[in-house]
């Protein structure tokens, strides 16, 4: 198939290469002409404006937008749409808020343009491993573009078939799924990222407990401001954390791709000394927690993971000062300095 | 009545003064002779050793031990007991772990000595307001010493009677309660402190949300590492936190003594700038969470409050570094510096 | 002053009576004519339509709307506003979402009508104790209506003055506070209720731990699906929960109005057998958690309290089934029926 | 090598078969003679008592004990040890509390018997996939028994080598690791299971949010006891949960063995209707949370996962009743029935 790609960063360029490798033809555009040139050198057709891009695509056109989330996506979708016609399709492959998808799909639908929201997981490894695709929007457009999804997704052979599944291979077994109408793709991707936060935190907390299994070997203040450690002899282990993450990769219940990455990170940097521990969050975790709250569904684990990221950046400090101030008031406690 | 007091710090000295003011006679001992002298000047009988203390008390003797928790309590109880006889009573008024009470009561009971564990709440205000007393141990000893509890506790007039209570005033309406056999007093005090952690955190978190109600007025990075704030106009309030804590003191559902103290702290220091936000925990919160876990009872609020204190002291950092390292692996994310 | 009141339920009627008792004159309207008649009997002027209400008020008019939150507030504000003119004021005293206040204030402001959002705490006790008032909107209108706030709020004498406060009595010491522009009153009330959820949960969890302090006395299955209780002797207390809540009311750090109410509830019903434990949440707790998330502020305690309410209503069940299904897959575990 | 196996349940029998398949010789014992006979039929040597077992092993003997955790392990270790001599080794492959290992290792060490604690992960799939082994105890004994660990663990070829690892294959790359002195194996296994709880809960919560993405399509009560859903149009998705778990298996960041199992469970039972959602916990999750608390390390995610299991079994109910009782007191709220 022929596809236009707007936004040629790491993810966008990776998609173009994966598409061309599989025989699709790509017309590419980016505000940075060097990014365009690099892909033209590899066989893509370059465009120097949205109008040029639209003109180089045959109808019905398909334009994939892969730009950082937020305002840039909004303005890019609007600009691209000005050059498209009824029957064409715009794909938003970024991490948009699904509520924006619902609105955009309605606006573009009024002009006959299909808007598909595509949640894309795979990170920097996606070019090689394939991307997991969660699609929302018009079923007809999703079906028409199946060759694209097949190229981009990892393919059925990348994991053993789930026991109990028989017969024809379903799209979800190839790594792509039409999740529902507009916004459903990004909704499922949002929850996916929420789960990711929770699972990451599970490993992080567990490794922290292992890293402090030597608590009983340390000198400990003996004062009313320090909780006693009743049995120091139970905390006298010096655990080799990189080795533990490695041993869990084979045969254990917690084996996962996240664990593989953790083991790799700890080979690179056994003490993690180049990290300060300020953990960013980029939106999906927040939206997942908000969805849980609005649905009335408890999500204590996912939300605790999100809050720990907030705390890691110092955002709890005002509240913590309030606590210290209270303790001083009722108990005459003075803050310990370390 | 006559009572011996061992440990004349802020709490112990306060108890002695409250007891003497009500006509009881006190024999007092502390490793620091100045502390003894100060109370002798106010009418107490001084002792310069445990033997001396025991010798100056008439049987059946009652010795109240009020020393910082931990090993010091253990050795003090043992030393005092060497000078007592069957029928005498030892009171541990500190924040001992109730499991130690169970053991000590059994050991001393073998010699006929009563051991009472007394959870004492009231902080630095107790001398003036009276202490809330939670008692564990032998019922006979508790009853015999009722005059002590009556003097130390705040008294029924310090709060309106609970609707529905009629007839004679129960001990709990005076501010003291026999909670059960050995350890029950400190068990109830432990849970009391666990609740205190949770309630304190509820205020602290709420005030932190108010303090950040101006988030939409701040400049915000626009990059893939910063979650977008979709509606900055919803976060454009500059809330006067000290005034809010004051207004809630009258008529609101969250009025409490802790709120009174918070309001007082914020009058003293509206910006809390002398606090860094490193919040200590002194044992009871941990024990409460452990009790919940061993009982199989969910305590998400009390435990979250405890964990936030751990985080405030930097104890989450290793786990946070693991998260940053994972994010770098799968997404090529680099830690933001602020 | 003269004031119009729309919505004569428990809260609205209570406000009218408190206002009239203090010499204000009230014109009252409700969709239920009986509610109007009851207050007319007590001295109010009745109205049978919004037009009638507006006609019976002298300019600048003040109309207080006290209806259940949600769509009804929206339509009532709109209907009332149709009968008002520039310079008049509408007060929303319900539990509206502060975001709706921002919008309404802008809409009404365009016509010169002042819109004040008033968070009101005090529950069913407010008529007697006074209501704590958190106000948002135009400062001029707030000041003009100070006599109303003074009547409705509890008054400075209802609590001892906070140490460190000197000079003139501030409005917040009387129990009312202008928190900021439109929405600020309901924002502060929202966070107030979030704190209330957290504090309530702190007591509930603590009492649950006390209620299960007899876990070691119960027979316990010995199988691979039941966690062992290593030391049953540490959990052999039968705690008198109503007595504990009573004893904490005097002198303890956790004394509060919520505790007073808990003690009263347990006198009425020591076993709480008429409750099933399905705990509603009415919106403010959700909005508080969402505000925390959007601000990037950790609120683990407030959110855990909210989620526990969701769980209490069975909303975790699908997730729990997923867990049971996973355990069956990897460990062959079958659900225990107990 | 030659090894004795005590306890021939699913795990013990699987180990024996895996060992014999690789050329080791096994002497087997179980209180159930049928279990012995079944393995004898497959080539094992049967024993009808501990004495018989010990007699049929050549020194230095190695006896692996694989019985359900708790008291049975304790008594079995004691009984087996009576028939062993200095230089022999006992392996505890169950889920013992690591504190018991520390004690047992000291007791047996006094007689010259080595005690190794072996945390074993792999569940019912271990016979086929191999078990992940976490070992604690004397380094010499661990080294001497390396042929056993190599047979039982999955082997290096079962996962791609971690990038950055070079040179000889480390034991942890084969799937076994000497974690430290007595107890270290079960300590690491305990934390492994804690992580497992957290990761499981992350998936469960996420899927629950997806399952309720249709909340806006349901009829909703409009009353003061029901939180409003401001934008039902944002919750109008009917998500195919089994398909979502399948699509995430390929290329996504949350791919894992737990996800594979979840997908398999949902093929077997798309509605999970045979599960009630009462989720057991068998000890390790509790111990992990207790270790975090005693170390002073925050573990909000792991603990929230544990508490949700407690809640799923109804253990929050007393606290929930307290909340309903409070709400009735201050707000006159009556519990909703569904």
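We just call them A, B, C and D in the order they show up, numbering each chain from 1.
Operating definition for what follows: a contact is a pair of C-beta atoms (placed from the backbone, for glycine too) under 8 Å apart; a residue touches a chain by one contact, two chains touch by 3 or more.
By chain, UniProt protein names: A, B, C, D = Phosphogluconate dehydrogenase (NAD(+)-dependent, decarboxylating).
These figures come from a predicted structure and were not determined experimentally.
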Equivalent interface positions on chain C and chain D, same or different at half: same
Centroid comparison with chain B (C-alpha atoms), farthest chain: A
A-D or A-B - the one linked by more C-beta pairs in contact: A-D
Euclidean distance of C-alpha centroids - chain A vs chain C, Å: 37
Inter-chain centre distance, chain A versus chain B - centres from mean C-alpha coordinates, in Å: 44
Intercentroid distance (Cα basis), chain D paired with chain A, Å: 29
Per-residue overlap in chain B, given as positions that touch at least 2 other chains: 123, 201, 203, 205, 208, 212, 227, 230, 253, 257-258, 264, 281, 286, 294, 296-300, 304, 307-308, 311, 315-316, 319, 330
Complex contacts: residues of chain B adjacent to chain A: 10, 68-71, 97, 123-125, 200-201, 203-205, 207-208, 211-212, 222-228, 230, 257-258, 261-262, 264-266, 269, 272, 275-283, 285-286, 300, 304, 308-309, 311-312, 315-333, 335-338
Complex contact set, residues of chain D against chain B: 253, 281, 286, 289-290, 293-294, 296-300, 303-304, 306-308, 310-311, 313, 315-316, 319, 330
Chain C to chain B touching residues, read off their complex: 98-99, 102, 121-123, 126, 129-134, 153-156, 158-160, 162-165, 170-177, 179-181, 183-184, 187-188, 191-199, 201-203, 205-206, 208-210, 212-213, 215, 227, 229-231, 233-235, 237-240, 243-244, 246-260, 263-264, 267-268, 288, 291-292, 294-302, 304-305, 307-308
